[in-house]
Amino acid sequence: MRSILPVLTVVAGILGFWLLAVIPMNMHLVADQAQRDGAVVTPDTPTARQDLSGVGLALKNVHLIPLTYDFQRPRLPAPQQVAGEMVDTIFGRSVTSKRSLVYHGWVTLAPTLLGFAIGTGLGILLAVGIVYSRVMDRSVMPWAIVSQTIPILALAPMVIVVLGSMGIQGLFPKSLIAAYLSFFPVVVGMVKGLRSPDAMQLDLLRTYNASKPQGFWNLRLPASVPYLFASLKIGISASLVGTIVAELPTGARAGFGARMLVGDQYGQPLVSWAALFAAALTAAALVGLFGLIERMTLKRMGMQAA
Amino acid sequence: MMYVALGIAVWILGWWINVRLANGAASDTVSARVAVPLIFGLTIVVVWELMVRGFEVSPVILPAPTDVIERIGSSGATLWADFRQTILKGALVGYVLGAAAAFAVAILADRSEFLTRGILPVGGFMAALPIVGTAPIFVKWLGSDWESKAAVVGVMVFFPILVNTVAGLKDTSAMQRDLMRTYAAGYWPTLFKLRLPSAAPFIFNGLKIGTTLALIGAIVAEFFGSPTVGMGFRISTSFGQLALDMVWAEIVVAALAGSAFYGIMVLIEKRVTFWHPSQR
Amino acid sequence: DGHANTVTLQLQWVTQSQFAGYYVAQDKGFYEEEGLDVTILPGGPDIAPPQVLAGGGADAMLNWMPSALAAREKGLPVVNIAQPFKTSGLMLTCWKDTGITEVADFKGKTIGVWFFGNEYPFLSWMSQEGISTEGGEDGVTVLKQGFNVDPLLQREADCISTMTYNEYGQVLDAGVNPDELVTFKYEDQGVATLEDGIYVLEENLEDPVFVDKMVRFVRASMKGWKYAEENPEEAGGIVVENDETGAQSEEAQIRMMKEIAKLTAGSDGSLDEADYQRTVDTLLAGGSDPVISKAPEGAWTSVITDQALQ
Amino acid sequence: MRPPQSVISARDLDLTFQTNDGPVHALKGVNLEIAQGDFVSFIGPSGCGKTTFLRVMADLEQPTGGEITVNGVSPGEARRARAYGYVFQAAGLYPWRTIGGNIRLPLEIMGIPKAEQAERVARVLDLVELSGFERKFPWQLSGGMQQRASIARALSFNADILLMDEPFGALDEIVRDHLNEQVLKLWERTGKTIAFVTHSIPEAVYLSTKIVVMSPRPGRITDVIDSPLPKERPLEIRESPEFLEIAHRVREGLRAGHADG
Amino acid sequence: MRPPQSVISARDLDLTFQTNDGPVHALKGVNLEIAQGDFVSFIGPSGCGKTTFLRVMADLEQPTGGEITVNGVSPGEARRARAYGYVFQAAGLYPWRTIGGNIRLPLEIMGIPKAEQAERVARVLDLVELSGFERKFPWQLSGGMQQRASIARALSFNADILLMDEPFGALDEIVRDHLNEQVLKLWERTGKTIAFVTHSIPEAVYLSTKIVVMSPRPGRITDVIDSPLPKERPLEIRESPEFLEIAHRVREGLRAGHADG
């Protein structure tokens, strides 16, 4: 909570920069349009204008600057345009409407959560395997790293087709891509966490002649909780990115990914930008939610949040 | 059926060898450490080959590893050109720029608690912007060539490096800082002689995460507009042509390059942070 | 079997009036009249319809013939069973102020081209004109064009690929006057290739049950197309209703439908062998790296349309 | 059941660690008998093998030579029979468990019924004077209190042998004195056999019936001193001549070990 | 330049920390004069403000009341004039620097020429008997050697005052005895003024010309004992009656502090 003022300051700084950048970014397009509409523009041919920078052009055509903030097809939309579009599509529509961002948010969120659950479960299982089995540790870990160097957008269509040919469609294929992206941070974090007990804590259990499962439940698992939460927070936003990536090859029907694509294809940058920001807000909200659960859990466990 | 049975047999054999190697007396030797993952990978490849043959999977759905290897052999020049365009230009330039920007901002943010508190959450928000949304925007702004790819990469690697660097710069113990104070050391000596060295393990953490992101970013951004060369270009074009052997050849190159990039970072990390307990 | 009356159709792009005939047939109950239960799968930038067909995810797909023929050569025997689009809508759109007036002026210019199997017509054309696509003074610099018209608007490219019914309209929507532009329709250049045909897997055609349902499918689809041609307003509305992204505007889809109608106008669904031959000839002329190495055999059949149009 | 005389008996014990820099001879030719009810302190310079010896008794390290029995059986069997409680140098409480939960840990693992667990926890908490802190988390307690909790944890399951490795190393002198008194009382009351590692000469002399002086490289026993001090030991005893005399002997032994080490 | 008599002079020094649980009165009404060449030990139970007092002298903490001068000026000025060397409880060597590099650190910061740096490093390494270890990294040395390196680091820039906060807390008795002897020698040889925090009564008595006994809540000075022991102090002096007598007085002072604390 103490962060509100600093965050607002930084956001204000970014908004200021953004507002300034709108002018040179859109100047050429605005000048072209203004000329078609009969305004006087210097220089007076698009090719000549092409040789000027956005700032240079703006200085020569100060009267056109206001137009850059209200352009229908901007390179860089002004902040208030994006905000307007978001307000309109989030609050201005019934949540069941295809034109509501809330509806698309849910379309994206559902596979995100499912994929996250799958990825986290898989990640934890793998981590347990890696911690308890030398063979898994030595053979699987390097390939887990390699798996993350594969460009997922290239793999996603094939995964979708293969699953589609098995009659699996809808939520699950997207979830699988989401799981693929979210399992890795969980594996890495949980391996670290499960290995975090020091030699003395392990020896203690040995003096009690505790079994492996007892060691897992009483020591390794609780010790890994802070690491788990750190990974969950990375994993959930990775999962969201995975779903959005998967929304293009599933036939770009609905969801944030589809909105971004279609907005881009049909010359509606505001649709894309609004979806983009909505996606980031969703991720931030999810991360915040896990932060909250983390704080509550660690408090109950007597460990302060890191 | 024969192939399937053979596949299962190969799997069991590979696993058995690895169990012997990993638990055996020589398990800590360098060769065993390299051999175990290699055998694991080889097992997967062989099983993949056998399954593709056994189930007669169409090559336009999943090519056999042998086809992919053949393609790598026959298209070396193309793969190399794509590698140069995507990795050496897009990914590397973006990585260096992103890392440099992250350092600069981290050091700036670090000068004031206020800025740190403001920048980290906003940075987290920016990092959550999905690449499929940002890539078209950068292509629109910076054109189709590698510059826009470098920008995408820069933005992607920026945040993890920033967060880790900020955390690292904060990681000095009170005693280490007090020591500097007793010497009446100024800001810069403290930065260079204490805080940067002690932040190095964190910084490398961010740099390592950045390596895989850089590759993925550069490749994926090419899907949204590119010249007629590049790994992402080739993947998307070949996929449209159903030349899946080429798609997988590029994926193999990407994985190799990514692992090598990561490995190089690990080596540098070992050299620079040799003093850290995790490296001893 | 249970699939005797179900059809899954894979489109090659997101829901838009380019596919109005199918949506109309669905909406107006033409499929139902034929006793069919049809599922329409929208496409997107990462969907290769032939692959979906190969994977068994769809019974039929829409595709451009160059791409389909290339898939055939890759070992995926797809067959054209109907050709609702008579005319090609593909063209290059250039800024007039770049000085381009004829094809020879392309030299030294930058041109945006769609890849993903759709680059073949362009490459064949350039090769017939003797223009290199490797850039330089005497060649054209090719950009892999994304999904929008920005490279032209931002003047990163001098020309881009557009469809008469979609991207060209977007350029105009962006405020550009038609007289600022020069267009080169493939149709006019004699290098048109067949677009938006219906394709199925060859092996399926041996199954009379499958053939029968395709006959009904094509018949109903063509009915849909003809209805759409005559009622573009209604058709545009139906398309927008079916667009799950909620980002399409009815106005744009109606306009698109009107343009599409010009392309489907001359077709009753059957493939005109002369068009086919021109497509193959164009592709075979593809210079050093031709799309197809030899004239394909059995790449199309009139069996379905013959029955459907009885 | 167990031989009444020797609780721990080591004969010619050897332990060599293989390290990157070559072998480290941590224990060499160690012979020692500890009788039922003994309080044995191990003292010696850093690296002389005190911890290693304790860990061998606890089956946490395997000797590379010689023989050792604990309660007449091998250390491994003794461990599986839960024959001893081990107190580590640092308290090592699990931070996610309350003090009560930490003490309950061995009881849960050993499958002791819930009702009895509660009762035992209450008893040992009382023994180390921590009643009322059961619900607190470790970080809510001072270092000395944490250390007492860790002793309570080792006492909770009533093993006959208590192995304590520098349990008070991190505490200040006054708190340490206080805990020393409490350990002595506990020992008297329970009759346990205690093996105790320390760096402090007064502590060793004050607590023990037997002081084992060790010397490093290779780790070996250089002197075993049987204390003539009575079982009743007020703190003031530390200024008595007998006390100073034993302390002097220990110090000499230590210095000799250091000189040739 | 500097007043010959009083190197450190505290008058009515007060320091209150504001914490979540309310204010902590770490120092209250502290008065103390330390003369040039004194060896002053601070002893007292945990939390009585020893470290805080040292940190105030070093300008690492700001007093909330009273006055203090170091070399006749404020602690801040003294710090900027690099008037003292500070030795922390843990060695706190930077792990990425060699032993030589660690000792060179303050010299680099103070802008001392390269050639002179090398010469000084060699000299202080010799002083703490670590010649030959210049190239080693901290973790390659034992705890005692690390501690000596950290003392060398504080000596390298030749400040008049040495502030040492429990420098030997983590070491074993024998090594500690040895280092105590060396510190004494160093003090004699250099005539530095030393302020030394310890928990060990014998250590305080053995080393000091002046022993300051402190007591907690609020942290205050309860006794200042001037030692009658001669400057020459063999280790055996610790068994002499004068020594035991002073030790007894310190212990009584401590116990009193604990009782009412």
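For reference, chains read A, B, C, D and E in written order, and residue numbers begin at 1 within each chain.
Methods note: contacts are C-beta pairs under 8 Å (C-beta built on N, C-alpha and C of every residue); 3 or more make two chains touch, one makes a residue touch a chain.
The structure presented is a predicted model; accordingly, all values stated were derived computationally and were not measured.
Shared contact partners of chain D and chain E: not a single chain qualifies.
Under the contact definition stated at the top, the chains bordering both chain A and chain B are C. Highest C-beta contact pair count among chain pairs: A-B. In this view the innermost chain, defined by its CA centroid being closest to the centroid of all protein CA atoms, is B. Inter-chain centre distance (chain B to chain D, centres taken as mean C-alpha positions): 50 Å.
With centres set at the average Cα position, the gap from chain A to chain D is 54 Å. Between chain A and chain E the centroid-to-centroid distance comes to 54 Å (mean Cα coordinates, whole Å).
Mean C-alpha position of chain A lies 34 Å from that of chain C. Listed for chain E are no residues, as none touches two or more other chains.
Each of residues 61, 136, 140, 223, 236, 239 in chain B touches at least two other chains. For chain A, the set of residues that touch two or more other chains comprises 75, 153, 157-158, 161-162, 165, 248, 261, 264.
The set of touching chain pairs reads A-B, A-C, A-D, B-C, B-E, D-E, using the touch definition from the header. For chain E in complex with chain B, the residues that touch the partner chain are 55, 58-60, 79-80, 82, 84-86, 88, 90, 92, 94-96, 105-106, 108-110, 137, 139, 157. Across the complex, chain D is touched by residues 45-46, 142-144, 171-175, 199-201, 239, 244, 248, 254-255, 258 of chain E. Residues 58-61, 136, 139-140, 143-144, 222-228, 233, 236-237, 239-243 of chain B are the ones touching chain C in the complex. Residues of chain B touching chain E in their complex: 173, 175-176, 178-185, 189, 193-194, 197-198, 200, 273, 275-277, 280. Interface residues of chain C facing chain B in the complex, by the touch rule stated above, are 45-46, 48, 50-51, 54-55, 67, 70-71, 74-76, 115-119, 133, 141-148, 150-151, 154, 156.
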